[in-house]
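Each of the next two complexes has subunit A plus one other chain: subunit B in the first, subunit C in the second.
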Partner chain A sequence: MSSGYGRFALARAGQAAVVVLLAYVLTFLVISVLPGDAITNSLRDPQSGLSEADIQRIVSYYGLDQPVLVQLALSLGRFLTGELGFSLQSNLAVSQIVGDALPSTLTLASTALFIAVAFAVAIAYGAHYAPPRWAGILRCIPSFFLSVPNFVIGLVLIELFAFRLHSFTTTDPNSATATLFAAVTLAIPVSAPLAEVLIAGLDHESRQEYALVARSRGLTGAQLFARHLVKPSALPSVAMIALIVGELLGGSVITETIFGRDGIGTVVQKAVTGEDQPVLQAVVSLSAVVFVAVNLAADLLTPLLDPRVNVREAANA
Partner chain B sequence: MPESHVPPLLAVDGLHVSYGRKEVVRDVGFRLDRGGSLALIGESGSGKSTIAKAVLRLLQPSEASVTGSVRLDGKEVLAVPERQFRPLRGRQLGFIPQDPGSALNPVRTIGAQAHEAAALTGERDPGARRRMILEALEQVGLPDPVRVFDSYPHQLSGGMLQRVLIALTVLPRPSLIVADEPTSALDVTVQKLILDLLGDLRKELDIGLLLITHDLAIAAERTETLVVLKDGAVQEQGPSAQVFAAPRTDYARELQADVPALNPGRYRSQRLDVALKEPRDVPQEFPQESATADRPVQVSVTGITKRFQTRGKEVRAVDGVSFAVERGRTHALVGESGSGKTTAVRLLLGLEQPDSGTIAVGGQSTAGLSRAGIRDVRRHLQLVYQNPFISLDPTWRVGRIVREPLDRFGVGTTADRADQVRDALQSVGLPADVVDRRPGQLSGGQRQRVAIARALVVRPDVVVLDEPTSALDVTVQAGILELLARLQRELGLAYVFVSHDLALVRQVADTVSVLRSGQVVEQGTVDQVFDQPRHPYTRALLDAIPGTTGLQSPTGTAPDIQETPKLAEASL
Partner chain C sequence: MSADLNFARLRSDGAASIRTRAAIPPTVLMSLLVVLVVVLWSLFPSVFTGYSPVNGDTGSKLDSPSLQHWFGTDYLGRDQYARVVYGTASSVTSALVAVAIGLVAGSAIGLASGFRGGWLDATLGRFVDVLLAIPGFLLAVVIVSSLGFQTINAAIATGVSAVAVFARLMRAEVIRVRRSTFVEASYLEGGNRLQALLTHVLPNAYRPVLVLAVLQFGTSILVIASLAFLGYGDPPPSSDWGLLVASGKTYVTAPWLVYAPALVIVATVLSINRISRWLRNPS
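Up next is the complex of A and B:
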């Protein structure tokens, strides 16, 4: 098992690295192919206030006078050594811009993930063990959650809790309560698919014969849930959570805007409107890294949680 | 002894169960004494499993309504709240489920689940519980209890899992065990061992047994009282020997006639090619019997071997297997799971290529054939798969399912195909209007008829029958076997019949190969192999057939029921 697992982990990590590289190359090429030279455009913008010498320095740094493939090689080489370049708008190091925005986004995303998982488990448990009428209502909640747009939830929460109940103020978006409500806004839509996967898993597992046999051994409903049903029904949601983490990190733009937070979403928004290629390239690549890393973690975790998964077969898949 | 002052262990009276408006159990009542054994017997849909679940109170109140009386040791248990009933679960009332493969949580170790059973004894010290569990695992004949304790369910075989479940059930020393088809998912030799084990433990620990089964032979052999159910109502009940030897109701008689072990000659007359008038009871030499013009060899398999690599080891799934099947004859491949019979069938169908050996169908060797060539051969070789509940696409209509091979091989015009589909459905005894129905609207027997029609529609010479009745009830099985016998006689089909059920093989086959670990351990005519088995493994398989030990076929008491009218006709 252990050597088999090592090989499996290695193979998966290798695949993940390839995906990250491909994502970087693809992003680079897409931005290069877009009509107009984004970098030169912004450099030549009279409002940029750059001198001819500055422009020459930047052009040679990015190899803009050379073919695209050389530019790619240059840029990729720097990316691999951790050098992300400089913003064309502010002249700040991209790593600094991202580094400043990241803590806010991470706090928001991790709080939202926690809330989303809690919501999903509560809904799924209720849908199974509440009296039939309530269970029926709970089963409708995920589709309701999915159908309400994120910004509506955010605006309602701000109106209700900030303006009416004064639980938090919009002027201090990084306070704990403000973060909490922003996280709830972000968590509600992503908790829906998770809850649905859990409900489906519980439905399936509770119909299995082993659940019947365990009940015949005198287990109560709660014992059956905790000891027998949670783990197998949660297995599909491990992959789901990995997808959700990517969504939380990438999809927080709207929430950040509504709550006035300065996070990665804001950085992306500014980079897109300002055609700030190095920033865009860095953020997209980092998202790819996070997405791939989280999914890698889910892949590596699954065989440890589910003894039926054969790592030998999975490594060759 | 209905009204003694000691109350029976289990007394069921006026039990009714409905799923919604559908009443599936009607006014069922029976008694089981302390340490006694009783079998509820019936086909699927007879309500036997529902009764078991009602007694165990495992039916969800939201889906089933249960009325009547179930008394355990004289105490009514049906009406009491769950809180009062729960202490009886496991401690008084044990449950052994049907499919050991799905009866344990797949993501928890055996040990973790065994602790739940051990906790019912009231023992609090985990170390002491662990010792109890290991002792119980040893008691049920598991060779390495510690390894089993640490294993996950998928790491053990079906037989081992059923032993584990029995160990967990008897561990808290219940006074009653309800066993729902405890061996129907197991091989025949394993079935015998498990039933023996259950019997021994019962005697040793004085446990009452409520056995749910569709197999009359098992019920009669293993229990003292039989309750025959049909459509949720009791048809007949009484001491096993009496009900078995002299059934009073038509239904019980039908069930008895359909037990293969009791009626080995049942389909002979129907299969016998009357024109040839071959005296089949005279032992024939095998396999030297030469092919004649009337009886060309349709399938000839010579020394096929197939190796697989698993976990770095080489396994010979099929190892030098040879057999031949003539036109109009049936050859059976018999063996338990892992014997190589499935691989042999896959090789025969060309789904895999043998590492060595040759396969010829209709005199043409399949070795070295192109894809198109193999496809052409396959047209003469059709498969009827074992489980009609999963082998038919549920979204297709029957007409399309049956027509598919014609479409694949591009046979005839659209109108021709429609005609052929209708003919095929007619020949398997299905009404013409099933064409527009989907598999979900058909019964198991009807579905298997559809599968047979699908195989026949391209007019094959050879049909491979892979456990064609193992998913079906015994009376439905009889109908399918009669159909297969008639088709063989009419169309001169050669059958390769794959089965683990020796009693069935004796009824339907002419010649047989007994497979074990990929090798043929014994081969010959059915009469040779069954009457004078030479290999100990064959003898073990034969001994394991329920209904052959303990109770003998009641030939003397009721000979008439074994003779079908057609048999009488043919013997003239």
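Up next is the complex of A and C:
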């Protein structure tokens, strides 16, 4: 196993690195579809408060007076050495902007992930063990969760809990309660596909012979669930973890805007409205790095968690 | 909710199948009715409301829902129901455009890479990996910011961010079908590759992809509404559903301005999801 696994891990890591580089290039090309003058126009906007010398420095830093491919090479080279450039709006280092916003988003996203997993397990458990009528309703919940836009969930929660019940105030978005409600908003659409996969897994696993054997040994439903069924049923969701991280990052744009939080999502929103391309480029490519890294970790973990997964087959997939 | 997760959802259901002769369950019938109403709203808005979506009655600002104004009125005295009905065409058409882009481009990539294999599969596979690596909603935001804030651009962005999902499903289906005996038999009978592709592989591979397209239609409505909510679609006085929710949220004393278009979005997407589930697994 060890040499086969090593080769598999190395191949996967190599693929991941290539994907990250190409994602950077793709993002750069998409962003550069904007006519080059738009950047200098937004720089020359008197409201930006930049002097002619500032503008000259920015233009030469990004090579804005040179062809797109030269700009790409310049930008990609800096990205590889960890240099993310400067914001066109504020002249701050992009790494500083991202660094300042990251803790807020990490708190929000990790709370949301926790809530989403809790919701998904609760829904799946209920759908499997509740009396048939309730189970039927629970099975419809994921589909319902997926039909409600993120922003509607957020607005309803704010209307109910901030304006009517005064559980939190929108003027203090970083309080624990406000964070909790923002996290629920972000968690609901993420919990739905997780619950669907868990339900499908539970349906499958509980039909297996080992479940019958465990039942005949006198295990109750809950014991069977906790000791035997949870692990194999949750395995397919490991492969989904990267997608879920992507959903959390994308959903944070809306959630943070609604709840007035200062996180990565807000940074994206401001960069889009202000045509701040270096910031946008950095956030999108860093998201790709996170996605690819999580995906890689999930791929590398799966054969270790489930010995039935054949490494050689997985490497060719 | 972006396109990326739809793939995992479809796969978790196992092989998709469409049964043709089965009684239509009541919930599906209701869903079809909702979709029909939405389609009619977008085709003939003036049949469904006598009010103008642009000109308001300044005498009745922020009225709560009543028999005259089903969804109440906004800050200019415009009938919110009329705004929703007239906003349907743009909201629904843009979702259709998005699905068409994802379906056509994604299927073409998936078909080519699954059928041809080899270096083409490897190249296209990396391209799809790259599209998947950027979180779907972020990709849509970047594309729309680059193309300009218009609903049609939001539709294109949503479509492009769904290409990868269609490509992966189509590739998986084509590979499944390509290895079957009847495709090999067609080669033995002297058929060429293109013939086999068109007469045998495609007809047997496209159904799960079409089911995904239906599911993706609902998802696209959500994504485009989210982009409109952020102000990346057509500006007012157009009345895309997402934009209506966004402009309604400033009037705390008039919550119906948010709830009415929100309910329409939820009812539409819920119905589309129900139909897609029924197509996958009739029961």
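As a working rule, the second predicted complex is superposed on the first by the 308 of 317 C-alpha atoms of A that agree within 3 Å, B and C clash if a C-alpha of one lies under 4 Å from a C-alpha of the other, contacts with A are read in each partner's own complex, and residues count from 1 in each chain.
Note that a contact is a pair of C-beta atoms (placed from the backbone, for glycine too) under 8 Å apart; a residue touches a chain by one contact, two chains touch by 3 or more.
If you're wondering where the values come from, they're calculated on a predicted model, not measured in any experiment.
Undergrad: Have a look at where A:Glu275 lands relative to subunit B and subunit C in the superposition and call it first, second, both or neither.
TA: A:Glu275 contacts subunit C only, not subunit B.
Undergrad: Just to be sure I read the superposition right, which of the two partners does A:Gly85 touch: subunit B = first, subunit C = second, or both, or neither?
TA: Touch partners of A:Gly85: none, neither subunit B nor subunit C.
Undergrad: For A:Gly263, decide between first (touching subunit B), second (touching subunit C), both and neither.
TA: In the superposition, A:Gly263 contacts neither subunit B nor subunit C.
Undergrad: Which partner, subunit B or subunit C, touches the larger number of subunit A residues?
TA: With both complexes superposed on chain A, more residues of subunit A are touched by C.
Undergrad: Of the partners subunit B and subunit C, which touch A:Glu247 in the superposed model: first, second, both, neither?
TA: So A:Glu247 only meets subunit C here.
Undergrad: Based on the superposed arrangement, let me know which partner A:Thr220 touches: subunit B (first), subunit C (second), both, or neither?
TA: The first partner, subunit B, only.
Undergrad: So in the superposed three-chain picture, is A:Lys231 touching just subunit B, just subunit C, both, or none of them (first/second/both/neither)?
TA: After superposing on A, A:Lys231 lies in contact with subunit B but is clear of subunit C.
Undergrad: Touch test for A:Gly126: subunit B only (first), subunit C only (second), both, or neither?
TA: So A:Gly126 meets neither subunit B nor subunit C here.
Undergrad: Thinking of the overlay built on chain A, is A:Asp306 touched by subunit B (first), by subunit C (second), by both, or by neither?
TA: first
Undergrad: Pick out the shared contact residues on subunit A: the ones touching subunit B in one complex and subunit C in the other.
TA: none
Undergrad: Touching subunit A in the complex: which residues of subunit C?
TA: For subunit C paired with subunit A, touching residues are 1-2, 4-5, 8-9, 12-14, 126-127, 129-139, 141-143, 145-147, 218-219, 222, 225-226, 229-232, 242, 245-246, 249, 252, 255, 258, 262, 265-266, 269-270, 273-274, 277.
Undergrad: Note which residues of subunit A are touching subunit C in the complex, please.
TA: 15, 18-20, 22-23, 26-27, 30-31, 33-34, 143-144, 146-152, 155-156, 159, 163, 189, 193, 196-197, 200, 236, 239-240, 243-247, 249-251, 253-254, 257, 268-269, 272-273, 275, 280, 283-284, 287-288, 291-292, 295
Undergrad: How about subunit A: which of its residues touch subunit B in the complex?
TA: Subunit A residues touching subunit B: 132, 208-210, 212-220, 227-228, 231-232, 235, 305-308.
Undergrad: Using the touch definition up top, name the residues of subunit B that touch subunit A in the complex.
TA: 53, 56, 58, 62, 86-91, 93-95, 97-99, 102-108, 113, 116-117, 120, 152, 154-155, 165, 168
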